[in-house]
Structures are given as C-alpha cells and as structure tokens.
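So, here's a batch of structures to check.
Each of the next two complexes has subunit A plus one more chain, namely subunit B in the first and subunit C in the second.
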Partner chain A sequence: MNSNFGSMPLRYRISIDREQCMECGRCVENCPYGVFRWDGERILINSRNCTACHRCLTYCPRDAIMLQEHPCDYRSHPVWTRGVRESIYNQARTGKIILAGMGSVANLPIIFDHLMLDACQVTTPPTDPLREPVELRTYLGKKPSKLEFTQKPNGDVELSTELTPNLMLETPIMLGHMSYGALSLNAHVAMARAAKETGTFMGTGEGGLHPGLYPYQDRMIVQIASGRFGVNVDYLERGAAIELKLGQGAKPGIGGHLPGEKVSADVSKTRMIPQGSDAISPAPHHDIYGIEDLPQLVNSVKEATERKKPIFAKIAAVNNNAENVAAVARSGVDAIAIDGFRGGTGAAPRVFRDHVGIPIEVAIATADRELRNQGLRNEVSLIACGSIRESADVIKAIALGADAVYIGTAALVAMGCRVCGNCYQGLCSWGIATQRPDLVARLDPDVASNQVANLIRAWTLEITELMGAAGINSIESLRGNRDRLRGYMLDEGLLEILDVKSVGA
Partner chain B sequence: MAKQVTIDAKGVHYTPLNQQIRKAVEDGVDEIVVDNVLGQRFIGNGLRGNATIRVNGVAGGDLAMFMSGPTVIVSGNAEHAPGNTMDSGKVVIHGSAGDAVAHSMRGGKVFVRGDIGYRGGIHMKQYETQRPILVVGGSAQTFLGEYMAGGLLLVLGLDGAMKAREIGSGIHGGEIVIRGDVDEACLAAGAKKLPLTDEDRARIAPVIQEFAADFGLDAEPLVKADYTRIVPASARPFAGKYTWE
Partner chain C sequence: MCGIFGVMDKRRQMMDGSGIREALSMMNERGSGEGAGYVAYGIYPDYRDCYALHVFFDNACENKAIVDATLEQWGSIECDEAIPTCDQLNLKVNCTPWRYFFKPDASLAPGSASPEKDVVTNLVMQINACANGAEIVSSGKNVGLFKASGWPEDVADYYRIQDYEGYIWLAHNRYATSNPELWERPDPFNLHDWSVVENGKTTTYGANRRYVESFGYNCSTGTDSEVIAYLIDLLTRKHGLDINLAIRALAPPYWDEIDRMPEAEQNLNRALRFAYGSATMNGPFTVVAANPDMMVGFTDRGKLRPMVVGECGDRLYIASEETAIRAMEPKVESITRPAAGEPVIGRVAP
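Entry: the complex of A and B
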C-alpha cells in the first residue's frame, strides 16, 4: 500500500543555464545517479535523483550547471524542522529504521571551535621552525615506567629494560580505518601510498587486505572487528600493527552490515566470504562478553604474532568513557583509539549517528586524566578520531591528551569527496565509495595519493608553525599540555571536565 | 621416522610454553606432546604446518585461535573459544569445552566429545573450499550457531537431551544438524527446520565416521540416526529492518 504523501519537496534542484550550455553531454556521462539524460538534442534534468555530489558542476566546461539545496520551503518552524518532518514521512511510509551516510548532522556546538591556542609574546620568545627543529616524530605504544641500565666492564652503559614494539610516525596524523568494500581499491591504494610517503600509517578497516596493498603492508594497521572478515594469520603477520575494533563513534553499541550488493568478486576475496552474501558484523565481539575476556583476546592476538606488533583497540566515546579506557588499558593493548560522536561512517542508523555518544574533545581529555590518575598513561598511547577537520583540531586534540589522531572524512575530501553522504548507494561519482569499475576508474591513485599526502604535509607544516609560535619544540611537550589551551564561551562544568582554563585566566 | 618431542608444562606460563611449541614446529617436529597442561591459554595460536600437538591436561582459552594447519588433541577439557577464528587444521577435545567454541571459525574441524557451553559455532563462515566443521558429542547450550554464515555444526547428543534454545538466531548461511527432533520453540528468529534428506545424510556421514573413529565410537548407529537440519530462513535476516534517509 502506498502512502498518501505524494512526492516530497525536492532536496536539491539542478538547473542548466541554457545560454551557456553547449550540449557537450559531460554531465550526462558523469552523473551516476541519473539526473541528466538526452532527449534528442536536449539534456533533460531529474533533480530528484541528485545527491549534491557536484560531479556535474566540476566537469561542466561552461559553468552552466547550478545546484540549489532545499529549493522548496516548508513553513519554517524551530521545533518541527525539515529533518524531523521528513523522517516522520519516511518512517510513516516504511515502518523502518532510517540509515544515513557519513557522520552526525546534529547542529550541536563543536568544542574544538571553542578552544583557543596559545602563542608566545614578550615573556617567553616563540621558536622559529625555520631555524630551530620542531620535532613531530611520534611513537605509539607502551613506554616503560622506568629504565634500567647495566654497566659493562669497559664502562659502556647498556639498556637492560626490555622495550615493547612501538610504531614510529613522522607526523601525529594517521589515516583511519575505512574498509575496502566501503571504499574502492583505488581509494585504498591512494591512501596507502600517501601514508608511506609521509611516514605515517593507515588503517585497513574490517575488510581484509587486498593484495594490491601488500607493497604498503608495513604502513598498514590491520583491523580485527567483530565479524572477523578477512582475518587469518597471514593478515595479522602482514600488518605493522593490529587493531581490535570494539566500537565506532558514528554508531556506538551496534555492529555493521555490508549489504550483499557491495560484496563483489574482489571484495569477497579479501573478506573471505561468498560473493553477494551479506557481511554482518555483530554488535559485540562474541568472544568478549566481559571485561576479563578482552585481555584474553588481546593476548591471543599477541601470542599469535609472537608479541612482535603493537595491538590497538578502538572504542566509541560514550558516557563512561574514562572507565572504558582504563579497562582497555589494563587489557594489555598498546594504544587506544577513541572515536567521537561525530565520527564518519558509510552507513549508520540516523538515530545513533545524531544522538549517541560524546564529543571526542571530552573523551580524550577524560581518558588522559583517568589514565594518569591510575598510573597507566605510559601503558597506552591515545589516538583521537571522529571529526578531525583541520590542523588546529589535531593540535588541540594532542593538547587535551592525545598522542596522535586518525583522519577519515578529511582524507576522503582530499580525494574529491563532497560529503554528499550517499556512500551507501555505492554509486560514488568520485570513485571513492563504490565498487563499480567505471566509477572506480575515475579515481587515479597517483593523483589522489598526492592530494592526501599534500593534506598531511600541509597540516604538518601548520602544526609545526603553531608549535613554534607557542615556543614548543617537541610534540611530547604539547601532549596533555592543557595550559596551552583556553576555553572561549564554554561553561564552567565543561571547562572542569576538559581541565582547561577560561580565556583570560 | 616421525620426530617427537615432549614438553612439560607444569608451572610454565603460557608465553614461554607457546614459544617452546612454536620452536618445535619450526624445527620440523611431527608430534609435540605437552604434559601437565593446567589451563595455559593460546596453545597452537597462529601456528602453521601439519604437526600434531597432544595436550595432556586441560587447555586454557582460545586454543588454536587463528591456527592454520596443525592438529591439536586435548585429553581433558578446553576452556573458552577453542578453534576461535581458526583457518584450517583440526582440534580434538576428549572432554568438554567452554563458551564460544569455534567462534568465527572459517575452516578446519573442531571435534568435542563432551558438551560445549553457550554460543557454540557462533558466526562460523565459509568461503570457496574452506568450510568449517564443528561436531559436539554431548550437548550444546543456548545461542547455538548464532549469526552462523557458513559451515556445518553437528550435535550428536550422546549423553542426553540437547539443552540449546534460541538456536541459529541471525543465521544467514551454513547448516546446523542435531540428532533427534528439535522443538520448534527452541529455534530463534531467522532459523527454520528441515528434514534431513538422503543427500544431506551422505554429506554428513564421513564427518560422523571421522568423529566416531577419533573417539572410539560405533559410527553405524549414528550415521543411521534421525536428525533435524536447521538452516537460514533467509540469506539476509536484517534486510527488512532499514530504510534510507
């Protein structure tokens, strides 16, 4: 039975300036969503199919195409917003859970934007990064609580403390876990090359490791998620580090589901499941039903890889974040990635995406404080992720206590993504979130890897400048250094939680 | 001549114990006998090759996790999740085993003579020639074959009634075969009962025979017995839950 709603107001309107248009047809060729079609000599438009991916605009040689969002107004109402009304229409029609692509669209204040960075003036001089080194090299993994040395008969001193494996990053920016399957192989190859070029690392996500990425395996952090897709001993041995995915910021507390349509022949090979079958990742790891089971899994992975690799765990930022982090730190992992509530996703239930979890700024600050209180801070490194948008976010996250960050959406944007949020359709016109060969071919890994590497380089330069301006010559001196932050228009309770003073103080 | 070594596990922490076992495998030992095992975890983890590891005693958690090839024979019981995410090879447990036996197993065989705990065979999956097999001689507990995506899970119920309820919740591949009838009320959403056909019987007969041979049982009556076959009601149990924004 159909609804009585008829058609909903257009989300986007595409128009063509017919005076400018030369009927070259590039819009028809470029749009995978079917907005444009030929009708004899004329190009017709179906705006209803538009996702605002901008592919047509960027490839129109005459700038003849224009896009307008929400061309039709609803009666304005501060409570019954467009989003609320359209969700009700959708659910009244279908009776189902609404899934949405990319991260939260909830219009909530962003704490990063209310944190101001410090700089030196007359009482202490700034450091000039052109003249003096500003060290960004970062080691992720356990640090010994003390060092012991032995003296040899000839007087030389040798370290006798046994060190555990660490990852060495040239910059505290890593590329976060987005699976092959959700993303195309070209997108994965581009990011892997960028990670290698810039001396950092990239996460595989829960999709196994495609043979095309083996040349970059020493730059890959291989993920074990609850579905265990693509996980075998070969996969574990290839990775530079291994990450246990326990949660995701965009959808804390629930699992994931790659629909069978996206499980192509190649994706099926790396995930090790039959082509076209659904890949269901359960909400929990079913071998972790309690806090005592987590150390068992961590140690199991360590034993399987002869304790040669750092083991990471990724959790979503939720209410009892500090306790979760302390518990994970005691499980024996070497680093904990915390994913804030604005973290990205290929698809998540809208209600989770916009309503569950806490901001990454708070989660990192409380995790760092709790670990220090419990004397565990040296046992784990902290990785902040979920909506790291610019270099300022990186430096603020580190000042709040992170060792490094994962970027996800930012790396996709560097490859051309317009944040249209239609990743789930599998028709990404930029060749990023799709498996359709003709669309994947649009993303040239050489070009895209250069763009991602450029982004990392640019942010690294900006971080260097910001640190120099603050008179900080090493990332270690910035980590957890909340004195270099001030809260602007943040309430007293939040300032206390963040352990940051107000501007002026 | 087959090369054999014996390792005494008495009072040895699992890390040095597993290092000794790994070294023996690397040295080309065919049969590794580990005596006095008392709950040491992770035995056989991530091991390759085709050695046989005889565990005399009680194996700790995650026995043979990620294992790819060897055979592990446990004289006693095994704790949590033997055969976890196992790739290939074989695990034979003469006693009983804990929860999440054969969790996410993608190939090889796990045979348990006694009972298993909750969530047995959870999320087992198959791909091309890799088809995992879990056989339980005794009973299994609730949530048997949950999220199962492939392979064969066989419960023989040799020691009395099957205790599992909520069988096959979210099952979307593979098959669960249980000796005797299974009350419809014990099936979870997403699972359905089918009678065992002659073809099915021919397919499981070699598995039963191998199991019987490993534990010195008479295979014939087990091959001929009545079985209930439980399979997914749909290959996509969650497809109807969602709509797009």
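Entry: the complex of A and C
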C-alpha cells in the first residue's frame, strides 16, 4: 500500500551489549517475530518487528539484550498523543479497522483501586484462619428463595423443595472462557489440570472441546457462542456446565474473529470448520432476536442435557446492564457472567475495546441491586469478569455482589504471558496464543499447570486472610456486604451507584 | 461488650421486674452506663387483645399528632397515655415515652395470612423511617419494652419496672460505641411478637440488612438487633420456618459438618444455606430472643461470646454471666454452657 508517511518512529528498540554477547544464538532461535538474524558470525537486529514479548531477554544467558520503549517519540502533545497520531497514519494508509489484542489500554481510573477493604479491631475480633475455619466453598447456580416442607407421620419435617444442580467450587476463582484456537492446546491442558487440582472450573471458550481435554471434562464449562463452533450434543454432555456467550466485554455488540492463520488441522476438527479459514462468529445469535427467544434456547439446551447441568449466560457490561441482567435472570439460566469493559480478547477492534462498555465494578453492583429489588437474586449466581488482577479484586467484586469471578489474562500471565498484546498474530513466543507446533511445544503443560494452580492457591490464601481479618468466616457473608468497603476519592454519584460509603463514613 | 439476660417461666407464672433489675446490674462491668433496656411479656392483661405500642417522642406536643393520625389511618386507638416514669438523678431525659393500645384494621392487609401483624409491621416501618420525632420501640400484644441511656438500675427505677409483672423478661446492659444519647439505640428491639437482645457485633450487618430490606422491612437504627428481629419475623412468619430451622439459617453449621451428615439432613442443611446465605449472621454474637410462646438463645458458630443457661423449677435462664442468674435465683439447680452452634429453645406450656 502506498503512502507518503515513510516509516514510523520505532515503538521498541532492541540493543545487544556486544561485550556481553557470546553469540550463542538463543535470541535468534527464540524470537518468532524475526527481530534477530545471523549475518555470518554476527547477530543483526530489526527492532521494528519487536513486540516486547521479552522472550529474548528471558533466554539470553548473559543479560546482553536491552529493550527500550519509545526510544524516539513525537513532539509531545496532550491531545494529539502518539496513539492518536499513529492510528490516523495507519488508517489513512489502509482504510481499515484497527485490530488490537488483550484488554483495554484506555488510561481511565480503576475503581477497584479506589475501594478499601475493612478489618476488625476491638468491637469485633478478627478470625484467625490458621486456627478457625474460613469457608470459601462456593455453589454456583439457582438457589431456592423459600423452602417447602412436608410433615411426616412421626412429626419430623422433611424438605420437599428440590434443589437444582449447582457447581461446587472450593474457591470463588474460575478460569474464564478463552478458546482453543485462540490459545494452544498446551495452554488449555495446563489450565484444565490447574482447575482440577484446585477444585474449580475452566471455560472452554467458543472453540469446542479437544479430545486432549476429555480427562478434565468434569471441570470444564462448555461454551455455545453465536458461531456455534464445535457444538454438538456430545460436546454439551461432556461439560460440567454450559455457557451461552451472548456478549464479550472487550467488544460488546460484535462477534468474534479467529484469523485463518490460527486454524490448524486440530483446531479445524475441534471447531468443525475448514482448515485455514477465518472463523467469524456473528454479532447476534441468529436464534435470539428478542429476549423472549433466550428462554427457548436455554430450555432446548437444558432438554438436550436432561436438566442435569447448570446453564450460564455471559453478557458484556453496557449502559443498561441492570435491565439486561434482570432479563437474562428470568430466562431460566442458573448463573450470569458479566464481562466488564476491560475484559481481555485475542483480537478486537481497538475502537470497541477502548471505548464501549462500563466497568465491571459498576456492572456487578447494579446487577446485584436490581436482582434484589426484583426478588430475583436467588434465581442466578453472578460471576464477575474482565480485568480481575489480584486477590483484592476478587474480594471486592464479591463484596459488591458477585458470587465468583472468572480470570483470563491473570491465568495467561501465570503461564508466562508478558501482555504484549499481539495474540492475533498467532506467533506467541511463549506457546500460549499460537498454534505453530514448535512454539506450542515451548509451553510444558506440567510446569504451566503448576504455575496456574499456584496462582489460584495463593489468591485463595490471601482471600482467606482478608476475610478472617474482616471477621467473616463464610463467603456468602461477604457477598453483597458493601458495608465492608469504603470508597477513597470516588465521586458522590459513583458512591451512590456502588452503594458504598466514603472512607471516614 | 454488653451483658444480656433472659428469663422465662414455663407455666406463665408472673415475675415482677425487681429480680431482673438485680440480675442485670450484676453485669455492670460489661456495660458503660449509657444504655439499658427491659422487655416483658404478659404485662398488659387488661389490653391483651390490643397491640401495645411503646413510642418515644422527641417532643410530645409536636410529634404525637403525627402518630395519632397515622394510627387512626391503620386502625383504632383504644387507649393512650404517657408511660409512668419517675425522674432519676443520673438519667438525662431527652424524650417522652408514650404507649398506645391499638387495634389494627385487618382489612387493610387483604389476602395476608397474618393481616394484623402486617399492618403493625407497615406502621412501624412507616413511622420509624421518617424523621418525624417519633420512634416505635415495641409493638406486640401484651408486651412492653422499656429502655433509656443510663445504668440498668436507673433505667429500671425510671420506668418503675418493679411494678410490671411478666412471664418472660429480656434485659440488656449496653457498652455504647455510638450515639450514647439516643434512647432508641440500646437493645432490646421488638417487632410485635419478637423481641431481641444481643451481645456482640455481627460482621454481616450490611449483607443481612440488604437481604431483609428486599422484603419490605426498613432498618432505621443501624443496629444488629433490629435486623435480627426482622430476620426472625421474616423467617418464621413469612417463610414458615420453625424456630429450630430459622436459627439454623441464621447460624448454620460449617460445610465440613454438613458433609458428614446423613443424606436427608445434608440436603436440608444445604438447602438452608442455599436459600438463606444472605441472612446468615457472621462475627461474634449471642442472641436471646423471645415471643409470647418461647425464649431462645443462640450463638455464632464459633461461640465468640458467652452464653450461660440456668434452670430452676419452671424457670429457664439465659445470660452472659452465671452471676446474673445467681443474683435472681440463688438456688439455681443446673448451670450449663451450650457448645457453639447449639441453640437453647424453651417453650411456654400451652
């Protein structure tokens, strides 16, 4: 494509300390983006290809490689930022939508960071989790709002309310839906093993279920998205629960896109699509054009699986989130996952990722309030997702009203991901977001599963300690307990929406 | 902090308030002299068919007209008068205690299984939610609640509780942490049948309040006992749980214990935790609650606050300290300390 722009200033500059370098060539082998190449005895550098994935830095035995971000910037300007200017150059050249990987880069305040947690001092004692039980066990699914009993002839009462199936989690942290295709099989196997080891569950994403994951199927939540990739009755029967993906926080209102480069032979079989073809899921489900169509889909999925499995629905957090949640809660689903605007993605149009949707903190708070106002809170469990970064985010999300959370990016980071944001290129040097066999082989599922399991264990321990300090010994006593949060430097309007008091109040 | 005391006579034999005053003042080191209260069942036999509303007026001259008008809308006032009081040197009086004997108009709650109680509940919520200078502190038949900011002896003498005779008494000695000047803040709390005293402070006030308010209750004072009284009313009257199950919903066994139960019991306990997760109380507490037919005591499942049970003849005692029981019943026959999660339920003979 012709343009008069020439080349842009470098985004990253890679340099090699030639005194340290021993010309072992590990950087050349490790970089899938083509930054390094041999020129006879010497290693040459093309910094323009660098994604800051850090693979070369990590594997250089002499620490000889250095990476600098924005070595030469534009004239600084508060309005016409580098990002704005480069998007314009890019679009002026191509006339296309700009794609981006991973979560929003918009520099907006993070509400979680402005919520402070409570702890007990003298009027109530803290609970010591080393000596007393603190229960994190979480059940996801429909709960009765009232119980019915029958009196037996001998005077005993017997419960006559039948409980609908719930998922039992040992910790309120689940691994969110990221498809096989977007991620490698080794990444999926690693997460599935971690879910099994830590007593939690993992989402399949919309890519079907690879036979390599069958051993962990009782820990998998299988997803049905608008493209219906990989969906058949065998798939539904294998899952512990089934999730209908109605929306995604990184790109509300549009469908998904898996580039053909990532559709390998195995991915093609699992997704039931031709090898090398782009997998494009439509924006709506073409059997849901109105809310009254959703109960029909929910019911048909329930019937297909003999009403033995909980059905989840995932929606993106948008302006009328409370109304959407209340509508979905009436459709017969057992849990609703709400994905905030900072949610991750393998590929999304940049303009959607950075500008559409609302924060997960607000979405959970308004959903919980609306469900309670309408007497529907026990109808569904709420799962918060989209930028859950640490254990404190988990506990804050639950105090705002969530039952559990999905983590995505955090689990990838636990496997080595450096959040370089180039997942859509299919060249992930860590073997996570790629299908190229030599790259996939870099991720050892035994090692990676242990790292993901460790992350879940570590957060679980931190949550236990935080709950103990707050004198709370069961997770349901934390749920929606907004009195145990205080807002720091949040405006009055937002505090009211969150139903949280200001610090000092 | 706080000392609590409850006594019940299984055969409805009356006890005047003097013994309860003695018992409660034995626990003065648990209080701060800024709040005490008594509630008694059976004290208004002449008006046994009326709901006795005890009301605190900031100012009887201005605030009473509003309550009179509201009551006339919801039913009829049989009689009303100032609650007899006797000024005490150490008590700073900042409100006027009044009582109404009130008959609710059941036709205003059509379709209800307990229309009179629904009317009284609505009435209490309506008056207590508004900043109208009036606070209804008790609203049951043949029940009356007496509380103020001060030491138990002064509060008892102010209301002359030795002049009242009841078959169930609950009492509370407050260690104040907020609003020591407000007379409506100390325990007990009452909503028609149920009265509650608590020693402790739950860590789930916010969650419990959000839950109970979604059923139309309105928590106006920010205290645990108010929420607990509403929770017990909701669970027993509206949800039809028997008191055993209601207590189990409020202070459930751990999952590990549930996992070890026989299957039917496991299902029942799981269902209770599923349905009432938001009603579950956490943090340290001992609660003694009563209605006209029973007195119950229960603690948090770790039993972080004391609960001593005494029995003597027809009398059942529940208190924070044994010494309080012995002050009223020197010859008490048995003293026990129930384990964590083991409720005490005493019923009046039918």
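Simple rule for what comes next: the second predicted complex is superposed on the first by the 497 of 505 C-alpha atoms of A that agree within 3 Å, B and C clash if a C-alpha of one lies under 4 Å from a C-alpha of the other, contacts with A are read in each partner's own complex, and residues count from 1 in each chain.
Basically, a contact is a pair of C-beta atoms (placed from the backbone, for glycine too) under 8 Å apart; a residue touches a chain by one contact, two chains touch by 3 or more.
For clarity, every value in this text was computed on a predicted model and none was experimentally measured.
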Using the touch definition from the top, say if A:A470 reaches subunit B (first), subunit C (second), both or neither. second
Scan A:L67 for contacts with subunit B and subunit C and give back first, second, both or neither. neither
For A:P274, select first, second, both or neither according to whether it touches subunit B, subunit C, the two together, or no partner. first
Once chain A of both complexes is superposed, is A:R484 in touch with subunit B (first), subunit C (second), both, or neither? second
Looking at the overlay, what does A:T124 touch: subunit B (first), subunit C (second), both, or neither? second
Let me test your reading of the model: by the given contact rule, A:G260 touches which partner, first (subunit B), second (subunit C), both or neither? first
Dual-contact residues of subunit A (subunit B, subunit C) none
In the complex, subunit C residues that touch subunit A: 1, 177, 200-207, 209-211, 214, 239-242, 245, 254-256, 264, 267-268, 270-275, 277-278, 280-284, 301-302, 304
For a test of understanding, state which residues of subunit B touch subunit A in their complex under the given definition. 14-15, 18-19, 22, 41-42, 45-46, 48, 61-62, 65-68, 80-81, 84-85, 87, 99-100, 103-104, 106, 119, 122-123, 125-128, 130, 146-147, 149-150, 170, 172-173, 235-245
Can you tell me which positions in subunit A touch subunit C when the two form their complex? 120, 123-125, 127, 132-133, 135, 137, 139, 143-147, 149, 157-159, 161, 163, 166, 372-373, 375, 377-378, 470-474, 476-484
How about subunit A: which of its residues touch subunit B in the complex? 87, 90-91, 93-94, 96-101, 227-228, 231-234, 236, 257, 259-260, 268, 272-274, 277-278, 280, 282, 286-287, 289, 293, 296-297, 299-300, 303-307, 349-350, 421, 424
